[in-house]
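Note that the chains take the letters A, B, C and D in the order they are written out, and that residue 1 is the start of every chain.
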């Protein structure tokens, strides 16, 4: 891939915007179209693109598989953690209204946190799946 | 004084305790057998104690637990059950005594397992005897089937395995498909399965439906060995002789015919039974079994096989007694449980003794053995008389009542069947002692040397049962009294 | 009538293609593709049924009243279903890889023949 | 705390799963699984006793009022199913430690426990939720983790089995989604209670019968009703022992629960059985399944496969009871859910013990095990007797009610088939017993009894088989209540 200058440069330029767009989709998700699922996939797409252009080993240095798996697990924990918090604060499970004095703000925080959890999980899973497939040696007989 | 109701529980628990002790003392045969004998004695003593109460009209009752609403695991002592329990618990002691001699003399393996399952089987028989409803009876009936399976297949050979298949296959098939269906059907119709004097089914269904249930019952009690569900009994002959004795006399087949009698008296009720369409032709099937069983026994040279077919034939006497649906028949059937038990166990003990002492299975090779084993063959003679129904043996009384029953029912044909079967029995049973005593020993000079009487414990057991068969000719009062209580209770 | 329900025709068409591929192909990857097509047809079924005629995207804008919105709930539901579909596909593909490693083939009939 | 019990039942294991994966140490992951499963058992029992006392419990997720939000509803039907799932889960987890160490490579063990708890979460979620789309989500959570668990088996055929299950399971789940979608089109709601209210208005349309059909096919695929059972035998046979024990006792049970929920609560018995005449299809299929699958089981050489075919036959019993659509029939079906979980759990666990010591559950490798592994084989015998339906075991109770229900409607041939089914069960169970007790074992193999940590959970289940066979009143009570709730006799 060393000689594909256009791809290398193009990717270098694109990847920050992809990640930024993912975050836009994420933080816009409470009022507009978007949310953790899409954001997570887009975020993962940035890493996948990097791996395609610069090789799997390079991206594994940035994001070791362990971290990806940890992300997948901890996103769920964040999600459930918000749920627990709402219960501790006296609401039902995932009743965001109790997160802030003003229920409307509470809804905001709650959705953002939950979607963040979703983002982390989806991101971790997508990258993890990619690693699992891409890391497999070719089996030419 | 212990509460009478608790005595029922004790009678059930004691054999289980016996089984437990057998396990504990498994490595010390003498202690093991002594404890079994002791427990056997205690069990019999307690059952005997119940007799007194039953005579006074008390019906000790024990309700263990309610499995589902309305369906209880409950026990109640009534005369018929007491009769069976008395026979079973007494013969347990005798059989244990016999088994001590037999199992050691024959060098059987796994004796601990043998005595263990034997004790469980007795517990099962007690449960059947004292059951207060069809469910309890069915449960213990199956317990009896399953715990005798390791006994039947004691030798663990391929032959034993095949026999075990037939045994379990027939007994479970009939009981699960026919008997259970009948029980649930009765539950559906009558809303109860409790044994009640006079029956519970009267007026609950049409003649046709009740007839079907009766057919399901008579064939569903595979242990009663009505043809064509008799194959298991000859198959089970591969087992050691004490097991055969258990099957034929003490517990298994008796549990079968007992079930038929009990269902006839306490579920259908004699009055209802006599009106059912199926009763008569079922009685003829029983009659056919009597004749066919005798005819097949006639041809068998293997002594145990001959006795097995004789049992099939004799069991149908009892079923027939129930199906005659009158007091004479029921009295005769009930008494025949006891008479046949003592007679047949004597025969099996003798057959086993011959096997242990002379290693002979075939009748044609027993010529002249009577001279070396006079006690054994003398007992065989007495037992035969009882089975045939000749004085001075107890069997003559039960046959007498059965004969009266056929006349009462107006079935002269059935009376002829009984007569014919007795004649056949006269030949196929008495052939054995006759050959043993009066025929010259066959050929090979080696035989006869070293053959002596069976081991002493076995001999004692044979003596006890042989004397009992004679004793019951002179004192049949106990059995007659119990059965009279059954029919008078039912007639109330 | 026939044209008016064209979306259902499309759905049924896709569904049949998917199911046929799923059943008729021996190649395990093709089976998964068939499954995907089959699932996609259901996604389309859901998405089209959320459409309200003349409806627009269900985004509230201040000051604009009297707008007919499409029903967003089927979309949300199917988003979940898509995620599930992705998970199923990736699990299926990873199984195919391991089957390839274990059997040396991903043709079902060859796997059946090569039974130990 | 008590108020939040419905959601905690699902969320605690949901959190435990990633934790088990994160800690990444086999023993600690196992400990997490034990804690989670014990918690679910506690919660499920708590919910059952509460719902028996006060009736249906509602819990609104996120404070959104039903029918707009997702609602968890607990009534005797699903509380019963949850107790089954949680009980088996809580017994399989202690059992799994040694068994899994033996059968799965060490680096995968934490993932195994994560997938295991997820599967449990999914099954509990299906049971507790009152929202039909949520059912689908949980269904896929449990199914996906089940595929992964099955693929962990160390026979390579496990991979193919898992793949088949994945294809069939996904098709089934997609059918269910189609059914749900069509219902939503007609009613605009996904809440079960709300659906039940609104469906009668549109029941005469053509869409609802189509939705009904899709759901029926999808669910019967999931519960492996004959003839949609093809995925099941290999999946059970080649999965790791602990997985087989768990999935065989729970997954199909939960699918049966779905059948109950959709046909009785959502569509209503009147629609399902009077208008759609479901019984005309289900009763024959159940009967054919009972007989043919038992016959096939007789000819199996692999005991786990044998038991798998027996499971398909047993599912026939449950479906049969349900399709009789009477209180008695439903009681029988619901009872058999629990009873079959007990007996199949015990049987598969004892086979896991054999796998642990012998390394195979093929019939010819099991000769003489009656001597060398007496406790294991004794457990198998008792479990087998229960399967056959010998009195004083749970199997008898199921049979008692099922035959009664059939006779009540005058279907005595059905009753006969039920009883003949138990004879066939006798044949395949006894085949194993004969090999284990009548053949000599090779003393050179040095096979000894399974370790205590495997035997103890097995025997707990065996004793449950006996206890609930002797004292069945409690179970019958709950099952009858559940049947009445489903039929709307009492609400």
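Everything that follows uses one rule, which is that a residue touches a chain if its C-beta (ideal position, glycine included) is under 8 Å from a C-beta of that chain, and two chains touch if they have at least 3 such contacts.
All values derive from a computational prediction rather than experimental measurement.
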Using C-alpha atoms only, the most centrally placed chain is D
Check A-C against C-D and say which one is joined by more contacting C-beta pairs.
C-D
Separation of mean Cα positions, subunit C and subunit B [Å, integer]:
70
How many angstrom between the C-alpha centroids of subunit C and subunit A?
23
Rounded Å distance between subunit C and subunit D, as computed from the means of their C-alpha atoms
28
Here the gap between subunit A and subunit D, centre to centre from mean Cα coordinates and rounded to Å, is 35
Check each residue of subunit C and list the ones that touch at least two other chains.
87
Subunit D: which residues touch two or more other chains?
none
Two or more partner chains touched - positions in subunit B:
none
Throw together a list of every chain pair that touches.
A-C, A-D, B-D, C-D
Residue positions on subunit A within touch of subunit C in the complex are 32-33, 37, 122, 125, 129, 132-133, 136, 139, 141
Can you check the complex and tell me which residues of subunit C touch subunit D?
19, 22, 28, 31-32, 35, 38-39, 42, 45-46, 49, 73-74, 77, 80-81, 84, 87-88, 91-92, 95-96, 98-99, 102-103, 111, 115
Note: in the complex, subunit B contacts subunit D through residues 65-69, 71, 73, 135, 138-139, 142-143, 146, 153, 156, 158, 160-161, 164-165, 168-169, 172-173, 176-177, 180-181, 184-185, 187-188
Spell out the residues on subunit A that touch subunit D in their complex, using ranges where they run on.
69-70, 72-74, 76-77, 80, 83-84, 87, 91-97
Residues on subunit D engaged by subunit A in the complex (per definition of touch)
4, 7, 11, 14-15, 17-19, 21-22, 59-63, 114
